[in-house]
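Labels run A, B, C and D following the written order; every chain starts at residue 1.
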Amino acid sequence: MSAATNYVAFILTALTALLLPPLLLATIRKTKARMQNRLGTRLFQPYYDLLKFLAKAETVSSTTSWVFRSTAVANLVTVILIAFLTPWLSYGPHFRDASDLFLIVYLFGLARFMTVLAALDAGSVFGGFGASREVTLALLIEPGVVLALASLACVAHTSSLGSIMSYSLVDNPVLYTQPIMWLLAGSGLFLASVAELSRMPVDDPTTHLELTMVHEAMILENSGRNLALTEYTHVLKMAVLLGLSGQCFLHSVADLWSANDLVRGAASIAIIFALTLVIALMESLIVKLQWRKVPEFISYAVGMSLLCFLIAVGVR
Amino acid sequence: MVPSYLYLVLLVMIPLIVGFGSFFIPNARSCRQFSAIFLWVQLALVAFLLRSLLSGDVTVMNFYLGFSADRISAFFIVLVTFMMACATTHADYFFATEEAQNIGMPGRSHRKFYAATNLFLVAMTYVFICDSLGYLWISVEATTLTSAYLVYYDKTKNSLEATWKYLMICTVAIGFALLGTVFIFASSQNGAIPGGSLYISDLIAHADQLNFPLLKLGFMFCLIGYGTKAGVFPLYSWMPDAYSEAPAPASAMLAGALINVSLFAIWRVKQIIAASAMHSLIEQTVTIMGVITIIAGSLLLIRQQSFKRMWAYSSIENTGLMLVAIGMNFGGLFLLHAINHSFAKVTLFLVSGDIIHASGTKKLGHLQGVLKACPLWGVLLALATFALTGCPPFGSFLSEMTLLLAMADAGRFALVAILVIAIGVSFVAICVHVGRILFGGPKAKFSAYKPVRASVIPAILICCSLAMGTLVNSNFWINLK
Amino acid sequence: MIANLDAYQILAISAAVMAMLMLGTTHLKGGLSFYMVHTILVAAQAVFMGGMRTQLHEYLVPILYAGFKGVGVPIFLTYVMKKIEVDDDAGTYLPPPLCLHIGILMLGVSYLLASHMPGLVAASDAHIGAMAAMSMLFTGMLLMLTRKLAISQLIGFLVMENGIYVFACSHTHGMPMLVEMGILLDVLVGVIAAGLLSNSIKRSFEHIDVTKLTDLKG
Amino acid sequence: MQDPGSPLAATLYLAANAFWIAGILIALPPRTGAGHKFFASLLATGSLFLIASLVLAWPTGFVWTAPQPIFLGMAPVELKLDALTTPFLLILALLSFAVAIFSPGYLDHLKDRVDTRLYWCCTTLFVFSMAQVITSANGLTFLVFWEMMSLSSVALVMAEPIRHRAQRAALIYLGATRFATALIAGSFIWLSSASSAAHSWRFSDWDMSVHSYVPALLLFLGLCIKAGIWPFHIWLPYAHPEAPAPVSALMSGVMVKVAIYAMLRFFFFLPVYSSVIAYTAIALGVISSVWGILFALMEHDLKRLLAYSTVENVGLIVSAIGLAMLGRISGQIYLTELALAAALLHCVNHGCFKGLLFLGAGSVDSGAHTRDLGYLGGLAKNMPWTMALFFIGCASIAALPPFNGFASKWLLYQSYLNLAFSSDHILQRSLGLIVIGIFSLVGALSLACFTKAFGIAFLGRPRSDQALKAKECSEGMKQAQLLLALCCLALSFSASATVLLFQPVLKLLLKPIYTAGPIFSIPMTTLFVIGCATTLLIYILFNSTRAHVREYNTWDCGYGPLPARAEETGTSFSHPIGIIFGTLLQYRTITQIGGRDRRHFPEHIAVEVYMFPALEAILYKPGIAAIQSLSGALVKMQTANIHIHLLYVFVAMIVLVCVGIYL
């Protein structure tokens, strides 16, 4: 890849990362509205919302400390970092050394750490149990995610996601022959992402009954600029996570391994929207699970990862 | 140079004179100090008389027919004299406290106490220089009789009970030792030596020609007899009573000297067995008895309610260790552990006695917060406990390690494992009890009387124990014959 | 069978029987008389045994033995008993007749043991003596284990001690004199100490029932 | 034998010891006039000398034998400093320095609850003996100082003697540590007895692989007890929290590492090729990490929480050591090096952040007079420094990038991944991946645990009056925490360099087979700089709305301000996880609702969670009960009835005579 294409690719990635995420939210909302026979808001409403929040005055609880006040920015930075380290757009990241899967997982951990602390910081009832549920969810999800990615890493003999998902026959000839494994890893990651992104059936992002919420309960105290940053961070995270599982699905298609970058880029964006649609359909068709039934849902994600693990151990 | 038979007199001259002389000193205080000073002189004299044995210039000194000493006995004599001197010196303070605080029992006589103490020393010294099983028996029985008075000294109901049990059980058991002596005599008569012989050196020389079944039986009886005085497992029952009811210096003497004496008697008889051809089964019996004693001692330590009884059980455990050394034929290690145990145990009895005086109770449940009430005694108690339980860098650690290593060399790994666990159990048990005494807030009144003066002898002994652990090469002891 | 026995063997057996008779009575004075006869018989058997030899000390020791243990000790104990005002045993763990029967049984057991125990049959002429000695040991043990009075225990101990002496005589034809004298002395001192002690027990506890001395436990 | 090494370094080392010994001896006699500052400066100076000596001696080291009259019976006092000892001594020096700064302020808070002389004497002795254990070159020296280390720490656990809990903790600890010593001593005796040079106590003369692996296994178990590995960890959560906070820091930060050090010394320096021990280490390590962090999460006592987290971290380290042993047996050199580097780095890291956290807990304790999470909360307002530094500690221990815990965890993950793809054996490959899965669970749990610790204690509203009136810690305490926090940060950004620095250690441990050495390849500093730049950018971009910020109550659904009781508590925070792992934790919730019509109008409601200590009940209680009943039976034998006692004599006689006749 020449330097010029490199720059172009970087700028494209940056633009996608900056602009695409709210659109995903819009897609979900629009689809859901359509499924409910409603017209729904404009497609670009999320962008307007973000701008509106930015312009609004900010109310901060007097109980909070610097932890709360720095969380939104810290999380955004973390997720941006993740977005540039992860090959979620089929585009190899700039720091291939740093696109390590464990680093990514722990960066997500960092974001979660800050979110949870910020939720506890205000001393509100809802923030507290939101935080409690968030860490519970995380510990259920994390082994599945790590196991799926580590299985791929095990076959690829490297823990760098950039190398694992590089569509390079030189880097990982064995992975090329294992579309099933990619599919399993992809679905495992996707199911985990659903939980991680606080979508149905694990969490209801639209409810206003605080007792049932996880993510919304945590960010209840955010307003104005903080809320804008938090919302944006959340959708960016959604893009990255769905992109990552989408990449796994794409790798199972043998043709794409030999396709050129543009095609792959387009396919990546397409699969993200496809997955978004799946989420929207799920939200329309499935009811929210009881809190205590959530482990059952997540066990499917872990199950996929375990199958992936079995293949990884077998094929080597 | 003095003729060798005069040694028999010289070795015990001072305590004999002091013992009888004590009767004629009217003042209690001068009686106490007189005894203490002369026992240190005695220590110097004994060390001087036995210097050639101690330094290793000669290995055996023959005094007279039926009396001789080897290097181990020389060290034992010095050890026992040293222990007696320490205990007696501390006794001066101890009785002074009783007088000052008015807690002594009425009707006691220091003079009799010191007379008994000195005669006790005479008897013990003779045990170590006997070459005849008959004299050995006589001397050991004499130690029982003289020390019975020491136990009786407080003249309370409890001390009376303890004395009666001590006297009866030990005398009966010693009777068996007499039977054993008879058997060994018979074994020599029926074997090699036509007229029969009680001289240990003779018996050792002709060990292979003795009538072995009789010798075996004889040894078993002796083991019962002398083992009862040493506190071997089922026979120890008098020990906690006597130790707890005697005044602290007397308990120290019993624990620091008498155990060594009784075990030495076993060791002496055991030497005959060791010289004979078929010794391994007997040695195993002795070793296993030792191990059982250790296990029993350490288990018994767990459930104790009385301060001084606890130390008695720890003595039982240490008896077991020494018995194992005897059984495995490690005379030097037996001596080494005897030294270390005596140092620690004497210290503990002396300090415990003071603490009991200061707090007015022997019950472990009522003693608390010594470290706060009297830090000096607390620290001494803690250090002595560590010295007793074989914590490095004290001497007991070294003797235990050497013993265990020697056992491992002999291939007795199972026994090593059992011992290690049992020693661990006893350590924890003792530390639990002592920890309760040391820590916490002082429960009742605690009036430490002249704590610094009371700490001199214990501190010296702890330093000795420390020196035994950090300055001495164990090969010296292992090779001691 | 009796006819084949030597005089000292007959004496030893009768000493053993005398000891056994002690088991049957709780009357202290009676027991003490039995004990006296018993000890003198023991001394006598030693004399007869010594009679086969020529050394002076083999006469001397039995005579001292009879004098001190056979006469001196009973006198001393009678004195103690008078002082502490007891003349009957406070009680026994086993009824005295039963004790007596057990003692007789033990004589039989001793006979078997003496003739079958390896190591004891070393000298063929010794085993009657050994039987008597063992019987006395058992008797002494029974006395010590069943009698509750301090004095009775002491007597039991003395009987055991006599048994050992008989053993020494029958098995070794006497130990060195000095040793035997020393042993005698020690035993005497022991008895005196125990006697004085029982006196103190009486004074402190107002009884001499040793089964009630149970303060020191655990 | 060896090159005597730098004499200056040896002198400095001895000087450090001299300072410590002086501290011990001066504190010993009663009524010493010297105050906290004096003892603290002795301890601190000693630590500085130690650091200087380490720097000078790196990486060759030196050997020192005590002069003649001092002799431990069978071996001299021999000290040897080499590359392996250095990282451990470094943590020791660092933590003891921090403790020295921290203690005066902390002790002022404890006032007369702790005997000051006892504290200084034992703490200095503790530090001194740990240094000697690490440097000892023969078994006897090791045992002597090992025991001194254990006993001095037992005394420190009891330092607050009034509390009954402290006594109980000390007793449990005492039993455990004695058992550990017994196992180690047994193994040493075996090794010494079987050594090539007869009865040599010097480590270098020992051969772990001669006769059987029993001594190695004994040694391993003994060290596991000391390190607090499941199921021998029972003592740790009792003992570590009861000691004064600086001592807890030393115990968790250094003492358990001494056991790790010994594992490295005996299983690598003296190679052990036993796959049994390797697999045992991995299994126990993994179990302890899960177990430890789960119980830590359920704790509501801040220091007990930290103690359980020590179990977790030591589990990670031990599993890395087991993996390294496995790699060495199967000849996977790179894997071995990676795992060893992970273990070493995690030791150093854990020393720093656990020390920091314990000091922080001490600071909370001294400021708010409680360390129960149920009574804390909102300390951020009154204790901003402690809060910020504790935050760094929490982020580090939760292994969040860029903090230092991440580097060692990354190496650990890498080594297991390496096992997963480089091993020939399918079981080993699956082991690698499974352990990665488990460790990610552990990672998530530790995140939950430390959000709880930090969030409940420092954020939100105060749950009690004490917390409301909490005071910031004194200057010295602050500096000590700052020092350790800076060390954590320094280690975060120099992780790659630190791993490179470990090369001499790995070379020493794997002498013949050492190859290149692993590297920590994540450009953490670069990422951090990018992150900072982005933050700055965002800050500049959105700063324009800054003016519109207003402060108001926390959202209260319009009901008016809720009391602090409505807040999430530590227990309720971990409740969902407690339910998920209910069988493992034996987690029970007991709800009591009272009142006349309690269905509709409950007058009082009490909810209590309770964890049944299953491990104790199954594993330890029966044994202890058996010993106690045996002891009870023996005590009953002592009836005080003279007839019975005489009967014992007769029975013993008859038994022995039978033995004599028929044997």
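Keep this in mind: contacts are C-beta pairs under 8 Å (C-beta built on N, C-alpha and C of every residue); 3 or more make two chains touch, one makes a residue touch a chain.
Please read all numbers here as calculations on a predicted model, not as lab measurements.
Can you list every chain in contact with both chain C and chain D?
Shared contacts of chain C and chain D: B.
Farthest from chain C in C-alpha centre terms, which chain would that be?
Chain centre farthest from chain C's centre: A.
Counting C-beta pairs in contact, which chain pair has more, A-D or B-C?
It is A-D, judged by the count of C-beta pairs in contact.
Which whole number of Å gives the spacing of the CA centres of chain A and chain D?
The computed centroid separation for chain A versus chain D comes out at 36 Å.
What whole-Å value do you get for the distance between chain A and chain B if each is reduced to the mean of its CA atoms?
From the centre of chain A to the centre of chain B is 79 Å.
Roughly how far is chain A from chain C, going centre to centre by Cα mean, in whole Å?
The separation of the two C-alpha centroids amounts to 100 Å.
So what's the Cα centroid distance for chain B and chain C, whole Å?
Taking the mean C-alpha position of each chain, the two centres sit 31 Å apart.
Hey, what residues on chain D touch two or more of the other chains?
Residues 635, 638, 640, 642, 646, 661 of chain D each touch two or more of the other chains.
Residues of chain C touching 2+ other chains?
118-119, 144, 153, 210, 213-216, 218
Can you tell me which residues of chain B touch two or more of the remaining chains?
Correct list: 164-165, 168, 172, 213, 216-217, 240-241, 303.
Among all the chains shown, which pairs meet the touch rule set out at the top?
A-D, B-C, B-D, C-D
For chain B, which residues count as touching chain D in their complex?
Against chain D, the touching part of chain B is residues 164-165, 168-169, 172-173, 176, 213, 216-217, 219-221, 223-224, 228, 234-235, 237-238, 240-241, 281-282, 285, 296, 299-303, 369, 371-372, 375-376, 379, 382, 386, 391-393, 397-398, 401-402, 404-405, 408-409, 413, 416-417, 420-421, 423-425, 427-428, 431-432, 435-436, 438-441, 469-475.
What residues of chain D sit close enough to touch chain C in their complex?
Within the complex, chain D touches chain C at residues 635, 638-643, 646-647, 650, 661.
Can you check the complex and tell me which residues of chain A touch chain D?
Interface residues on chain A, with respect to chain D: 54-63, 65, 67, 73-74, 76-78, 80-81, 95, 97-98, 100, 102-103, 105-107, 109-110, 112-113, 116-117, 120-129, 131-133, 135-136, 138-143, 145-147, 150-151, 153-155, 157, 159, 210, 220-221, 224-225, 229, 291-292, 295, 305, 309, 312-314, 316.
Help me check something: in the complex, which residues belonging to chain D touch chain A?
Of all residues in chain D, those touching chain A are 377-378, 380-381, 384, 387, 391, 395, 398-401, 406, 409-410, 413-414, 417, 420-422, 426, 429-430, 432-434, 436-438, 440-441, 443-445, 447-448, 450-452, 454-456, 458-461, 521-523, 526-527, 530-531, 534-535, 538-539, 542, 545, 548-557, 562, 564, 566-568, 572-577, 579-580.
Spell out the residues on chain B that touch chain C in their complex, using ranges where they run on.
132, 134-135, 137-138, 141-142, 144-145, 148, 152, 155-158, 160-165, 167-168, 171-172, 175, 178-179, 181-183, 185-186, 189-190, 196, 198, 211, 213-214, 216-217, 240-241, 244-245, 303-306, 309
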